[in-house]
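Read from first to last, the chains carry the letters A, B, C and D; within each, the first residue is number 1.
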């Protein structure tokens, strides 16, 4: 029982990582209607920018803010320069460009900052909270920031004209143009926001997993899994999905005999696919009403 | 009137008195002749590389049958490649089966594996299918490593197999022989794919891709055909994997990571989604372009690769096959307007 | 009456294929003009070409200024509202969000709020369903929503693509009544594409007949309606 | 014509006769060697999941630049051709064949990774091209009877595992051992070494052995489990990133076992410092190379030499990474072999000289540790010494121990 509780808490802590990333995944899905494979590498790259600023002696929150701003601009620029020209190409061609971006960012980061791990500071206190040693202040802080982001996104999407325009542009670009929405810029904005959220996720995750060019490889997969389980259309679902994946993975790894510890990831993935079979649009996702 | 001419030309462009399909046939024969001659004139190492190109081409063609013809999406074909490779390696190493006989076994096992995977995949579409196949790709190396199967798979160590010598005392090097062997398999599989696409089954698969609801209404058993597409696709990729194991002489979990699946996808898109000859171009691309990128810059090799990839997509958004069609169409128009 | 929207020598393309072969069209300021023709004649294509949704050549003049080749959203910003074929509602958004989107380019919040009420006054059913996802509405209700959304733009020109499609006859009359009222009160110029020629001729004051991408006849609705060929081919008597 | 043939025959005879004293031998070359150059091939993961190791290839490259700048080896310049295999065995095979058949190198040196080296082992031995000083501690690369063209270099993982076993049996005979290992050949070799070393007691002493995958984001879950299983000896078989995670997580949850950290990850600069020096206190490990980030060696002459080399030839190189120390030393070992080979730069002689290292001392090896090899001993380094971290630097203790696997 004690082990169960401990693993549950550890699962929540890791789940926080996935939730953070899942949120960025949902963000990009909302604006481009598919998934960006280079998302993790973008987050990793942003985190390196923050690391570099810190190394130059910037204060933490200054570097944090600058990184978020730079990432936002970077996201917009990537959309405008890389994806606008191939707007009409098939989806698979877009995916190949994502793969290209993935290799470029990974390679450039490794070339510039080396592949040796770097520690990245946490803005939260390092002593254990409430005498609880199983979940650190940083874990809690990260979960808190995820929730704050979630609320901000909710407000943006549900209660502002800009958010409404973004949702419209993603859901039905042609109709959105017909009401005068500049769809191209909405997509670029979506990229910017996704990059900014990714940057925050990266800066929250790096203190836990250490900063190195390949740090996002596994996390992106789990984040995607979380987003899909929760439903790609629902930010709340994505965050819950992220936690669910973290908890399931830890419990499966610990309590399923023989194969559990070796196939932790596989079991988590099988469960996710099972969820999708029963509920193809995710636990909290809405099925699009399709007109025939 | 002008419109009617346009349509007529798009339907059957003629260049130099030959229709597009006629050019294709001519080109096929030409490529085959060159393919037969090449190993006699180049180094063994190049022969080996070209063999790998053909193997990748078969794997990419497999993926293409699924994505290009049937419209299903897979990021997990490294798994079927791995199953094919391990089938061959285990049969050769543990049971002493001759290498040539392992290919059909690998193909059948992958057909079954693909069909079975295709069943649950039926309920998933687009991104969700992508995730499920992605999961398959990620899980594959773990399953191969699993200590439960270590007796057969060799666990993390993998299996080393012996490279076959040419039969009947043919005066060929091992590399040359494997090249011709692979070429023969490739020709058979490409021809079979071409027949499949133009058959009733092929039309059904394409109908499902273009309009699943209409296909259903026409009485096509979409579930069966979609699973079948998965199976056949896996068969192709599995046979490629089997050949790969023989040529590389080694299988290990690290050989079949998610990056292999990504490479297949890249090869398919670069060659042209839905194009049979495009698979060869795709195979050559994933074989040679990374080496080229490495020559440009060692530290930034993958950045260079990424840039090349982006440029390719910009120039040929629908892959090499689409690009050729476009150019052929243009040429045809210029030729006919000069006539 | 000057031409509010004038089209000269319009050619339009789907990919490599040409669908319109040079056609002229005038839309009178404050008038209602109908575009008649059989299925596939190119009626919808004309509307799509005017608001820049497909590639076209030739001149398109709004108030005498060329608007050919500019982006859809910029055409819309000049006051051209297009109710597309198939309605183009945002099915996952609520009714009220759909209406709000119609006024996306307007800055006068208070006026927008008043206009929403005006649309609700026209279509009380929409008010009842304001919090529902648009996808849950019936075809007729969605059509009302599409018209309402177009009105939210306070357009100067409205392009309507088969607004009667999928509507019960009683509803059709209602929608056209409202359109006519708006046309009069706001002096909106309307270009109407209709399969139902009888309806269109009753509603409009001018009409064009289009066949395989070309204008084959134009004139007042009275003239067109009186034409023997038109009566036989399109009016069915 | 006749005279020339006779001359050639005489030369060949002379070559055979003088084989035992290479410096006097006639010039004799295999592909890849000439009067002016020696071509050395290498395969490294510059991309992909193991790209951190790419630093090794880059450092070796820099070191050979230094050798060349200082006049080369017996007047010959080293041409170092290094390719990327992205840690994928099929690519390793392709690159090895490219090096042998296209670039025609004299030998392949320091190809990295167990799977990749296994993949090319048969090929290299078939071609009779040296696969020298492979960059892996797997035990299968020191088997001269079956694979006379393949040789390891670093102490093998199993030997190291046995050293820890010896320590545990000696100091904590009643300990409950918890193991965290990377789920691949490297992790399993360590595991085997430890279990062999513990012998019959292994089953009763080991309370948990938990694997992790390279793609796993964290090893937090495993650490929590190890603690709750009541382990009081922690055998940490992880690569640097996961080692740092494990050390930090253990400290975070207040788990204070006897912590045995594998040599792969005992760099102060790139593991212990990121993990937290306080948290790393009292960790035990083994060493054979000096760690540049350990202040113990601050004034060491050899370390200063290394630093001068880094500053001049590899200024962008990450000096906190132990890979640069490692690569520098292994490159020196190759230079030693090539020097010994003199003018007889044949593949056979290269292997022969590699198997003829006698008490070679290299500056960056810990005091007392020497290179030794023989026709039946393809493990040049077999000695290690245990060390304890005091929160700032490593302190060596106990005797220089040698593994029991090599020399067979």
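General remarks:
Please note the rule applied: a residue touches a chain if its C-beta (ideal position, glycine included) is under 8 Å from a C-beta of that chain, and two chains touch if they have at least 3 such contacts.
Quick caveat, the model's predicted, so the values are computed rather than measured.
Among the other chains, C has the CA centre that is most remote from the centre of chain A. Counting C-beta pairs in contact across A-D and across A-C gives the higher total for A-D. Computed from the mean C-alpha positions, the centre of chain A lies at a distance of 38 Å from the centre of chain D.
Centre-to-centre spacing of chain A and chain C amounts to 42 Å, using the average Cα coordinate of each chain. The distance from the centre of chain B to the centre of chain C, each centre being the mean of the chain's C-alpha atoms, comes to 49 Å. Remark: chain A and chain B have CA centroids separated by 32 Å (rounded to whole angstrom). Counting partner chains per residue, chain A has residues 103, 106-107, 110, 221, 262, 265 touching two or more of them.
The residues of chain B that reach two or more other chains are 138, 142, 145, 299, 301-302, listed in rising order.
Shown for chain D are the residues in touch with two or more other chains, namely 47, 49, 183, 213, 215. Residues of chain A touching chain B in their complex: 29, 34-35, 82, 85-86, 88-90, 92-93, 95-97, 99-104, 106-108, 110-111, 221, 224-225, 228, 232, 258-259, 262-263, 265-266, 269-270, 272-273, 276-277, 280, 292.
Chain C meets chain A in the complex at residues 51, 53, 71-73, 76-77, 81-82, 84, 86, 88-93, 97, 100-102, 104-105, 133, 135-136, 149, 153.
Contact residues of chain D toward chain B in the complex are 46-49, 82-84, 86-90, 93-94, 97-98, 101-102, 113-115, 118-119, 121-123, 183-185, 188, 213, 215. Chain B makes touch with chain A in their complex at residues 67, 120, 123-128, 130-132, 134-135, 138-139, 142-143, 145-148, 213, 262, 265-266, 268-270, 273, 299-303, 305-307, 309-310, 313-314, 317-319.
Within the complex, the chain B residues that touch chain D are 43-45, 48-49, 52, 138, 142, 145, 155-158, 160, 162, 244, 248-250, 252-255, 257, 259-260, 294, 298-299, 301-302.
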